[in-house]
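In order of appearance the chains are A, B, C, D, E and F, and numbering begins at 1 in each one.
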Amino acid sequence: MLLSDEEKKVTAYHEAGHALVAALREHSDPLHKVTIIPRGMALGVTMQLPIDDKHTYTRDYLETRLAIMMGGRVAEELFLNTMTTGAGNDIEQATELARKMVCEFGMSKLGPITFGKKEEQIFLGREINQHRDFSEATAVHIDEEVRRFADEAYQSAVAILSGKREALIRIAQALLEREVLDAAEIKAVIEGRELPAKVPTPPRTGGGDEELQKVLKPEPGRQPGIQPAPGTA
Amino acid sequence: MLLSDEEKKVTAYHEAGHALVAALREHSDPLHKVTIIPRGMALGVTMQLPIDDKHTYTRDYLETRLAIMMGGRVAEELFLNTMTTGAGNDIEQATELARKMVCEFGMSKLGPITFGKKEEQIFLGREINQHRDFSEATAVHIDEEVRRFADEAYQSAVAILSGKREALIRIAQALLEREVLDAAEIKAVIEGRELPAKVPTPPRTGGGDEELQKVLKPEPGRQPGIQPAPGTA
Amino acid sequence: MLLSDEEKKVTAYHEAGHALVAALREHSDPLHKVTIIPRGMALGVTMQLPIDDKHTYTRDYLETRLAIMMGGRVAEELFLNTMTTGAGNDIEQATELARKMVCEFGMSKLGPITFGKKEEQIFLGREINQHRDFSEATAVHIDEEVRRFADEAYQSAVAILSGKREALIRIAQALLEREVLDAAEIKAVIEGRELPAKVPTPPRTGGGDEELQKVLKPEPGRQPGIQPAPGTA
Amino acid sequence: MLLSDEEKKVTAYHEAGHALVAALREHSDPLHKVTIIPRGMALGVTMQLPIDDKHTYTRDYLETRLAIMMGGRVAEELFLNTMTTGAGNDIEQATELARKMVCEFGMSKLGPITFGKKEEQIFLGREINQHRDFSEATAVHIDEEVRRFADEAYQSAVAILSGKREALIRIAQALLEREVLDAAEIKAVIEGRELPAKVPTPPRTGGGDEELQKVLKPEPGRQPGIQPAPGTA
Amino acid sequence: MLLSDEEKKVTAYHEAGHALVAALREHSDPLHKVTIIPRGMALGVTMQLPIDDKHTYTRDYLETRLAIMMGGRVAEELFLNTMTTGAGNDIEQATELARKMVCEFGMSKLGPITFGKKEEQIFLGREINQHRDFSEATAVHIDEEVRRFADEAYQSAVAILSGKREALIRIAQALLEREVLDAAEIKAVIEGRELPAKVPTPPRTGGGDEELQKVLKPEPGRQPGIQPAPGTA
Amino acid sequence: MLLSDEEKKVTAYHEAGHALVAALREHSDPLHKVTIIPRGMALGVTMQLPIDDKHTYTRDYLETRLAIMMGGRVAEELFLNTMTTGAGNDIEQATELARKMVCEFGMSKLGPITFGKKEEQIFLGREINQHRDFSEATAVHIDEEVRRFADEAYQSAVAILSGKREALIRIAQALLEREVLDAAEIKAVIEGRELPAKVPTPPRTGGGDEELQKVLKPEPGRQPGIQPAPGTA
C-alpha cells in the first residue's frame, strides 16, 4: 500500500490527534507507540498499553476513549482544514460505544435501565439483530444522549488540541520523519525536547514489536467504504 | 481471572450494595452469602436463600428484587463516585423484570391487560420475537411505567444505602479482608459487631458450598460487553 | 408441586373470585367445580359447564367471560391487598379475547370492520404473525377499545366481589378446608348454608371426574414467567 | 353439527338479513336459495345466482355486496338485540373487499391510484405479504375510506331492514319452519303470500342442488375464532 | 372467455378512452391497433407502436403514458357513469410508474435524488423488497408527488375526452361493430370519416398480426382481483 | 445497441455536462476521455484518471464528485429543456454517496457520529440490510442533510454550466461529430480551439484503450428501469 505525500501528511496529523488526546486526558491508558506505516487496512495506528487487565470499565475511562477516538478527525479539521473518510472507522466505533453507554450500561441521563433486546441467530449463537422494544419518544431521548456523549468527546478533543497546537505539529512532523514513535519519543516530542538521531531500523523479521502486537488487538483502521469510479455515465 | 486492587474495591462496594438492600428491605429472601471471589463471568455474587419454593410472586416481592438489583450501581455512585460497566447485567435484568411487571403481570397503572405477543420459533419452541401489537401511544405509556419501576427501585436503594453508610462501608471492608461472608457474618457486620478471626479456608474440593450451589442458580454476572482496543487508527 | 400456606391462601381467594363472578353474572355458563389442588401448571382451577355446544358467542357471553377472568386478580387485591403473577395467564387470555372482540368480531365502537390480517406459515398451516394493515391512528383507537373491554370487565368484578364480601370469604375458607367444591357446594356456601361433613375422597383411580375432564379443556393456568435468581452479582 | 334452538333462531334472522338486503338492493345478483342447514363450517348460507359470468365488477355492484354482507349482523342487532361472533366472517370479507376498492380499484375519494405492493413467495407463487409503500398520513386516509365504505354499507342494510321489519320476520320464521327457501319461496314470503305446504324433501343423493353447487362457491361461513375454555384458573 | 353485452360495451368505451388520449396527446407513440377481442386475461387491448427503440425516456413521454393509462377509467366515468375493477391494472401500472418518476428518476419537485433501496434475493437475483431508507416526513412528500403525477394525468385525460365526446363515442361504436380497429381506421373514426365496409377476417392462422405481436409486449390486462362469492353466510 | 438521433443528442449533452463540471471544479480528478459510443448498459461514459491511488477521500473531493454526477441531468435541463430517465443511475449513485457522507463519514451538520448498522448475511458475507437504529426525528435530520448535499451539488453544476454555455455546446457538438474525445481534445474544445481533422479510428482489436480500461472501473451506466409496454388494456 503506497501512500501519496498528501495522504501521509493527513495520516500523520490524524494519528498525532489520537496520540495527543491520549497523552493529556486523565483516565487514559498510557501510550505505547504511534505509527504511520500502513498495516492491513489501517493507514496508521496509535497504540495504548493498558496498565492491567480490565474486566469492567468506568464511565470516566469510556468517555476518555471517546475523546481519543475523536482526536483524529479533530486534528484533520483544526490543522489541515480538511475532513476525510479516514475517520469513518473511528466515528463508527465511537458511536457504537456511546450507544452502549446509554443503552446497555445505564450511564446517561436516561438512568439505570437498558434499551433494546438482542436477538441471536439460534444456530450460530451470533447476534443478528437488535430488537427495538421501546417507543419512538424513548428513541428520541436515546439519540440525544448518544449525541451528547459524542459531542462532549469531540469538544474535549478540540479543547486539548487547540491548547497544544505546537505539540501536535511536532508529533505530526516527527511521524513524517520517522514513521514510528515509541512512548518515550512521544513524551519527548510533546515536551519539546530534541529526539536522538534516528537509528536505522533493522529489517523486520517478525521479532520484537510483533510479539507485543499479539497482545494488542490492532484496529481494523480506515475503511473508506467508497471507491469513486473514475467514469460518470 | 485476576482482579486489580481497584476492581476488587469496586466489586466489594458493589456487592455490599446488593447485600445491604437485601438485608434491609421487607419482602426480601434472606441473605445466604456474599463473595468477591470471581466465578465464571461474575466478579462477585450476592446470594439469597428463598424460604420456600415460590410458584407465584407478589408485586412487593418483585419491587424488592428490583431494589436489590439497583443496590450495586447505587453503591458505586454513592461511595466511590464512579459508575462501571459491571452493573450492566443487573440493569438488564431489572429492566426485563420491570417490563414483565408492566406487560405480562398487569402490575402497573396500565392495569390488568397484557402487551405484546410472543412469537415462538416453531421447530425449537423458543421465543424469538416479541410481537408488538399496540400503538405508539401505548408504547409511550409502557416506557413510562417501566421507567417508574426502575426509578422507584433506584431511589429505594439510594434511601437505604445513604441511611446506612457505615454499615455499607463495613461490609465492603469485610469483603476485601475475607472475600466471603456468610449470613451470620453479614448480620454481625451490619450490626457493627466484631467478626471472629478468619479461619483459613480449606482447599476447595468441590464439597460443602458447592452442593448448595446446585440449588442456587448462579447469576451470569458482569459482562462488560466492550473490549476497548488499545489501538486507535 | 407443594404450595406454601401463603400461596394456598392466595390461590383460594383467587379461585373464589373467579367462582363468585361466574355464579352471579348473567350470561355465564353454570359452575361445575372449583379446586385449589394444583394440576399441571395451574395452582387452582374454576370449571364451568356449558349448557349446550356453542358455535357462536354473543357479546354478552364474552363480556361475562372477561369479568370472570378478572375475578381472580380482583379478589387478590380486594381481600388480600396483594397482586401476584398468578393472574398473568388470566390477564393474557382476557386481553386476547378483548382484542378479538374489537378486531375480529366487530363488537366495539369501531363497528363492523376487521383489523389486521393473519399471516399463516404455509407449510404448517399455523398462524405466525398478525399483519398490521392499518394506520397508527387506528391502532390508538383499537388500544382504547381493548382497554375499555378490559376495564369494564374489571369494574364489573370489583362491583360483584365488593358487594358479596362475606360470600367470597366463605368460598375461600371452604376451599382451604376441602380443596374442592362442586356446583352444589359452591351454591350452598354462597347462600351461607352449612356444608355436610366432608367425606374422605377415595384414592384417585382415573375414574369419575377424570372422564368429565376430557370434555372440559383444562386451562393452562399460572405461568409466572420469571424465576428470580437467588444470586445478584 | 347440532344447533341449539337459540342458535337456530339467531342463524335464521342472520340469513334473513342477508337475503332481504340482497332482494331489495339494486345491482344485486338474484337470490337462489337461503338455508339454515349447517354445511361445513357455516351455520347457514344465502346463495345468489349471477345472471352472467362477470369479468369486471362495477362500484355499484361491489357496494351492494358490502350491504348484503352487513345484512346478517344488522338483523341480529335490530331484531334480536344481540351481536354474535357468527358475523365475524362476513365482516372480514367485507373489510377485505372495501380495502380492495380503496387500494386496488381506485374507487374511493383517494382517486385512481393503488396503495401497497404485493409480495409473493417466490417458490409457491402465493402472496404472503402486502408491502406498505406509503406514508402514515396516507394510511390514515386509507383507513377513513375503508371505514366509509363499511359504514355506508351498514347504514344501507339498517335502512332496508328497518323499513321491512315484517318481511324480515316472515323470512326468519319460514326458515325456522322449513330450513330451506328457494328463490320463489323467498319472493312469496317477502310479498306476504302464503307458502304451499312443505313437501317432504327426498333423501339427499348428491343430485339436483349439488350440481348447481359446483358452480357456486360456497362461503366458508362462520368461524368463531374463539373456543372459550370452561375453566378459569 | 365470453363477455356479456354490458361488459363488451364497458370494454369498448374503456379502450376508446385509452386510444383517444393516445391519439391526441403530444409525445405519444403512434397507435397501432385497438381491439375488444379478449386475449389472455385482458378484455381488450390498445396497442401503440414506438417509432424507434428507446433506451431512455423523457418526462414528457412518461407523463403522456400516465394520461393514456388513465384514459380507460375516465371514459367509464364520463360516458357510462360507472367505475369498474377493469381499470385496476391500469391504475396499478400508472402508480408504479409515477412512483419511479419520483423515487428513481428524480423527475418531481423532490429533485435529483433517489428514495428507497432495492433488496434483491441473492440466489434468484430477483428484487423482493424495496427497503425504506427515509423518514416519515419524506414519505409524505413522496406520496404527494406520486399523487400529483396521477392527478395531473387523470385531469389531462378528462380534458381530452370531454373535449372530444363525439369522437370517443364513434370509436366505441366502431369497436362494438368491428371488434378491431387498425391505425388508419382509428384515425378515420376520430375524424368522423366513414369506414369502408368490414371485410370478413380470415381465420386466424398465427400469421400476420401475430408476428408483430412478438415485438409488442402484450399487457397483462384486467385482473379484477376479487371473485365475489354468490353465497353469503 | 442502436441509438436514435434524438437519443444521441441527449447523450452528447448529458456527457458534456459531466465533462465540463469535471473540468472546471476544483478537487476533481483530471478528465481522461468522454464518449457517446454505447458500451454495456451505458449510452455514454465520461472517464477521469485519478492522479494517484487514494485510500481516503476528503469532503471537497466527494462534493466535487456529487457535482460531476449532477452535471448530466443539469445539461439536459438547461440546454435541451428535457429530463430523461438516463440520469437515474447518476442520481442513485449521488444519493448513495451523499448518504454515506452523512451517515458513515460524519461530514454533515449532524457531526462525527454514524447512523445505521449494517446487517450482513452470515453465510455470504454480503450486506443485505441497513438496520435503522435511530429515531424518526433523526431520520428527518438525515434526510435534510442528504438533500442538502444533493442540492448544493446540483446548484454547483447549474452555476458552472450556465456560465459556460458555449463551451458545453461545443463539447456536445464535437461528441456528436467524433463520438470520442480524449483529454487534450476536451481541453481544446473548452478553450474554443479548432480540433485537428479526425483521423479514422482503426478497427478495435482489444488493444490500446482496452488496457487502460482495466484500471478504470466502467460505470454501470443508464438503466432506465422501465420498459413502457406499447399496449394499454
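Simple rule for what comes next: contacts are C-beta pairs under 8 Å (C-beta built on N, C-alpha and C of every residue); 3 or more make two chains touch, one makes a residue touch a chain.
Just so it is clear, the model here is predicted, and its values are computed rather than measured.
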- Farthest from chain D by Cα centre, which chain is it? Let me know. A
- For the two copies chain D and chain E, what is the rotation angle that overlays their Cα atoms, in steps of 5 degrees? 60
- Message: Just the number, please: Cα centre separation of chain C and chain D in whole Å.
- Response: 34
- Could you give the separation in Å between the centres of chain B and chain D, each centre being the mean of its C-alpha atoms? 58
- Note on the structure: Per the C-alpha centroid definition, the whole-Å distance linking chain B and chain E comes out as 67
- Task: Hunt down the residues of chain B that sit against at least two other chains at once, touch-wise.
- Result: 43, 86, 90, 136, 222
- Think of each chain as a node with edges to the chains it touches; is that a line, ring, star, complete or other? ring
- Listed round the ring from chain E, going first to chain F, the chains are E, F, A, B, C, D
- Inside the complex, what are the residues of chain D that reach chain E? 15, 18, 22, 29, 32, 42-62, 65, 68-69, 71-72, 89-90, 97, 100, 104-107, 111-115, 117, 119, 122, 131, 133-138, 216-222
- Message: For a test of understanding, state which residues of chain F touch chain E in their complex under the given definition.
- Response: 1-4, 7, 10, 43, 70, 73, 82-88, 91-92, 94-96, 98-99, 121, 124, 126, 128-130, 132, 136, 139-140, 142-143, 146-147, 150-151, 154, 222, 224-233
